[in-house]
Amino acid sequence: MVDILTHLIPSVLLSTISMSTPLILAALGGVFSVRAGIMALGLESMMMTGAFCAVLGSYLSQSPLIGIVCGILGGMLLGLLHGVLCIRYRVNQVISGIGLNLLALATTTLLMQLVWKNRGSSPQVPSLEYAAPFSPLFLISLILVAISAFLLFRTKFGLRLRMVGENPKAAASMGLRVHGYKYAGTLICGALAGLGGTYLSLDHLNMFVRDMTAGRGYIAVVINILARYNPFNTIWCAGIFGFSDAVQIVFQGKGVPPQLVQSLPYVVTLFVLAFGVKHITPPAGVGKSEED
Amino acid sequence: NKESAEVKPAKAPSIGLVLSTGGLGDKNFNDMAYEGLQKAQEALGITFDYVEPKSPSDFLPQNRMFAEAGTYDLIIALGNDQLEALKEIKKDFPNQKISFIDSSAVIEGVRSVSTKWAEQTFLCGVVAGLGTLSTMDKANKENTVGVILGMDFPNLREGVAGFIAGVKYVNPDCDVLQATVGAFNDPGKGKEIALSMYNRGADFIQHIAGASGLGVFNAAKQVNRYAFGVGGNQNHLEPDHIVATSIRNVNDMVYNEVSALVDGSWSAGLQISGMKEGAVGYSTEYSNVTLPESIRTIVEQTRKKIIAGELVLPTSMEALPSWTAANQYK
Amino acid sequence: MSRVQMQDIIKDFPLTRALDTVSFTLQRGSIHSLLGENGAGKSTLMNILYGMCKADAGTITIDDKPVVINNPREAIACGIGMVHQHFMLAPVLSVTENIVVGNEKQRGLYFDIHKAAEKVQTLIDRYHFHMQATDCVSSLSVGVQQRVEILKALYHGSDILILDEPTAVLTPQEVDELFVILRMLKNEGKSIILITHKLKETLAIADTFSVLRDGRLIASALPVAGTNERTLAQMMVGRNISLTSTRRSKQRGEVCLAVENLCLTEGSNTVLKNISFTLHHHEILGIAGIEGNGQSELIEVLTGLKEARFDSFVYEGKPLAGNAITFLENRIGHVPEDRSTRGLISQMSIEENVILGYHHKQQFSKAGFFKPSAVTDFAKQQIDSYQIKAGSSKQACATLSGGNQQKVVIARVFSEDPNLIIVAQPTRGVDIGAMEYIHEQIFSLRDAGKAILLISADLDEVLRLSDRVAVLYEGQLVSISENGTYNETELGLMMTGSYQKGDNDDQH
Amino acid sequence: MISIEAQNKSQKALHSLSLSFGALVLAILVSAIVMALCRFNPMQAFAAIFQGAFGSLRAVSQTLVQATPLMFTGLAFAIAKKASLINIGVEGQMYMGAIAAAWIGAMPLPLPLFVHLPLAIVIGAAAGALLAGFVGFLKVKFGSNEVIATIVLNTIAINITSYLGNYPLKADGPTAQTNRIQQTAELSRIFPGYQLTMAFFLAMLVCLLIYLIMEKSILGYEIRSVGYNRLAAQTAGINISRVVVISMMLSGAVGGLAGAMHVLGVDKRFIVGFSPGYGFNGISVAALAADHPLGVILASIIFGALNAGSMVLNRTTRIPTDFINVIQGLVIIFVSAPALVRELTPHRRKRHG
């Protein structure tokens, strides 16, 4: 019937790629945020807003490229909001993240109601078209990982960003603009997570559906931490998750109740967490400001 | 308890609608019910209010809110999970008229409108079973089709059983792939599951997955295969790839309830809204896909059989094997 | 002309006026020592100059030009550099990264870490600081970290250098080396402000000094020449204090603790090697040594926080093993080396801190719940007897000055009538008044028959308090001998491993 | 110097109360502006919300019913927070508590009410405690990050309960739910017809109990010590691993109670996917309460009122209930940003010193 080599494996691999792409992007965003000392529990809100703005942009302009730009800007808007709350107003970062997640869901739903008179899904909009079997955004996300790693570990900007994340007070005493770097971190985070959201709505699909990120932002948080806030590690961490998600799809309908099969990626993550990636320490300055 | 149903001033009837937990925007069950009432508002001059429960726990207080208000001539409750709440409301407000959509429960004084999930998806199953081996341009040689569930819920499993029964009725050797998305709002995952199925040889996929199903259509378009809609007619979404929709006209059901109220024919008891009543079934309207004449004939014959009661459909996955063994086209 | 002129600086904190119309001048090419008790406002004044903290009133002029310094960036632009009292380091980053960040001295976006490391290594070698530019800061001992801090200021080439207690964790030799560097800088025309609680150091290096007391400047830029320690101390504290009082034990009691061949390995390296000693009642055994030579680990082993291998570990005639609880229950008291990490829970009140570790005692609780009045009474009693300056017993420890925080720790440990006390760095960063007080407490406990193990990086302190002295170097006890057997220089050399004289070791 | 702390404490409490209130007012104002911009009448909306939250016995009862699970989940989050653990997994712990309580509650045990009901509650709490305790175990044993573990276990727990409710424990009928619990395991209603049960008062009691444990007991003292300064706690002979596991279990037990009480009081059965996010909203409640166990009571009632109000808003106006979610989101953000509130409200400047 089905040839495992020519069908199943490529299919699972393609599936892995398309399921891990948004996770890589969002987790990569999280890396910048956490490295700058801001916890990134709000990735879901950035992805969701990115996904929404991308569709809105494409809807209004009929151009998917403008949609992508809008998606990135939408994510950045939430990144900025998270930044303003955490940096300027010193809101607890967990609460800001979770609060923004709730707020983003509520506002995107509301805006859908106002723009499209339907709070469930948007109309179909022009989306990215390409001939390749997988999205160019996947390759772009890999390139972005490399660029990020370079930026973080091989440039002055990266060094300073990390310094700010490790010890904001020390960074300030070295004459760094601590707030500037933190905002840079959350804005880059928002942009990448927004691009992740854009992938979901404008590349993988061509519409926005209420709550369509469906918890991917939280998974991205998991991957971000599991990757020890290292850009390259996000690839394999997201890959493991995406792969086990792809595998569970294939295993479905074989007599095992779906709820149990669906838990596979989560169980795998738990195992990786317990036995693979122990003692993860975030940058020491996470949650601190230069005044503490 | 304040009772209102008795006192009926000469004003337009007022309806209270308790939606299901999915809420408005599902382009399906809830939206269709809402549409039905809007139509009734225009055509029959009624007024209506609606509430969107956030969780099953809200069914009781929200139904009670309508009943207590005493100003609603009819409460329409959507979805079988409101059963417990309605039982209780009915006990406290024996005179409140209630229509219970999508339930075959018999509650004293409540008008239950029962639909048959199996009848809804069966004919699409027949199309898929025949289509997968046909010469239709997007079909393949593989004798495989698929069905995708949003969440693993018992009533949805009934829909799956109906679809599989339809496939096996005409094509007993066909392989039917099944999978569950795990959410009604995850079109991305829906698409991946669909792609995986298409990749494993499926050429027709029925979704019962709410907004996650939108991803299935997207997948069908991407790999140039077929899909079926569910609920309200979805054929226009991808007219070249959606062959048909497993229709359930909740809007008509709701409208009928209101019009029954208005014309005085509303009475408690079980109403069946099946294929025979035209409430569920299958529609190819707005689809650009042309079904071969042979398939259309068989579908028509089968529909007639079901309406005539000659073919009684299975309602659970467990009943499938024996049903299939006993019921074969020809 | 004056290099820096701070005029009528006022700084208020909630509940405290930290600086009250303070005017401060620094001359070009001079070393100026800023003195004052804990909480006098020294750090605050310097933080204002460095832009870490904004003054409520007052002006600053640099080279007679008025300047406004809002943040360290602007201070750096004015040529000011600062070594902070509390390290400003990112532990996971390398020495190089910590030093160059913000002033990478490289063009473009790309940061060549290797090039930077070479440069930093040159700097390290030039000042004879023994460390690798590529080391991760977290792997360095506190003393070495202090040197990184100093290097930071040197690397940035500031003209005005503020050093806030840079010598607190350095050995005498290292202090000497630092002073050589400072003199060199001075000769290059740089101006230096040095904050220290060690008056000797002021006398040794400074040209002028100022004294802050309770936020007011009571001596401004006086010449150091012609003063002595006693005068300085008196100016600081406002009363006479005995700086050199030292009392040896009159008797040596029974053996309290006998340890033989204690070894500890962490990961692949041996941190403690064949440590053997005995500790008697009525005795203070002082262990000198540069931090990072196993002090922390030795303390942790002796207080049950870490398990080590040993041939015997006999406490009051019986073998002792277990965790921190067992040790506490056996009346082994512990004054942790760092009050902010292990000593105090600064967010909690004095009351809650003063029972920490003893909170299980029946005196304070019943059926798992505290007896609030008992705790309060106990705390008030401690505040009284240790003269802790606090508004109330419910005040959070974070709001106490460093010296008072230390007193809270000391009060807790000493009041529980321990039998053996492990006292680590009891007076780090504490002013001489408080130091005197704490030293007196230690003497009186010793005289009351307690066995005391003193671990300190401050050689003066070790020599002043101990009946017997040992040096811990690279995880080994180098020498245990009567206090006085070696002079300060010899001990200092032993601490750096460059002096070994095994023959007159007085092993017990 | 006469008792700085007494002055301080009452001032502080007053200050934070006024800030929380200011935040609430601001959130309402901002959402009113948003509503007006969207061409809805904010006055009408807030009138409806108030009516639905406090306007009648039903409204009040509904407010308290909505507040109950939030009180538990908010408390659960706050407990773990005291030990500086971030328990994002309250939702999953609640599901475990709910299914366990439903399982015991539906068993036809020959037990009287005063045994069967407490048993079901305790088993529910134990189920939640077990799940959270597992996270604590992973943390102390493998150093696993609890944020990841709880996020992941949320999904696993929800999937497992969904499986149980769909297959082994499923009641007959077309709905994925368990059998109705026995009369002997039921929390009875206070007013006939309204879902308010003793659970609300039990929740307040648990808040009080946790407050006492946290502030007055040795265990609470140890938990706080570990939360503030692990190393100092360790030095003081406090067993950190034990405290971490215990605080997680305590947090999970309260999370489990949220589920158990909901099943035994409101739904009378476990319904698959019953929660509209009580666990996550608990984080907001804890934020509003500044992690204070007694503050949780007030905070959960405020959120309960917004939820109850949204029902009437829904019915009497055509204003989308998403506004309620927007308000809630804004409340969380304003509450946790006192600096922002201060900036936006006219506030007398106080002099230091």
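Order as written gives the chain letters A, B, C and D; numbering starts at 1 within each chain.
Here, a contact is a pair of C-beta atoms (placed from the backbone, for glycine too) under 8 Å apart; a residue touches a chain by one contact, two chains touch by 3 or more.
Quantities reported herein were computed from a predicted structural model and do not represent experimental measurements.
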| item | value |
| --- | --- |
| Both-way neighbours, i.e. chains that touch chain D and touch chain B | A |
| Busiest interface, counted in C-beta pairs | A-D |
| Centroid distance [mean C-alpha coordinates] between chain C and chain B, Å | 75 |
| Geometric centre distance via CA averages, chain C-chain A, whole Å | 45 |
| Cα-centroid distance, chain A relative to chain D, in whole angstrom | 27 |
| Chain A and chain B, separation of their C-alpha mean positions in angstrom | 35 |
| Residue numbers of chain B (touch at least two other chains) | 152, 182 |
| Multi-chain contact residues (two or more partners), chain D | 159, 162, 166 |
| Full enumeration of touching chain pairs | A-B, A-C, A-D, B-D, C-D |
| Partner chain A, residues of chain B touching it in the complex | 23-27, 31, 142, 144, 149, 152, 175, 177-180, 182-183, 185-189, 191-193, 195-196, 199-201, 211, 214-215, 218, 237 |
| Residue ranges of chain C touching chain A (in the complex, touch as defined) | 50, 52, 71-73, 75-77, 82, 84, 87-93, 97-98, 100-104, 106, 109-111, 113, 152 |
| Chain D-touching residues of chain A, taken from the complex the two chains share | 41, 85, 88-92, 94-96, 98-103, 105-107, 109-110, 113-114, 119, 215, 218-219, 221-222, 225-226, 257, 259-260, 262-263, 266-267, 269-270, 273-275, 278-280 |
| Residues of chain D that touch chain A when the two form their complex | 38, 86, 88, 138, 141-145, 147-149, 151-153, 155-156, 159-160, 162-163, 166-167, 280-281, 283-284, 287, 320, 322-323, 325-326, 328-330, 332-333, 336-340 |
| Complex interface listing, chain D residues touching chain B | 58, 62, 65, 159, 162, 166, 170, 173-177, 193-195, 262, 266-269, 271-276, 307, 310-312, 314-316, 321 |
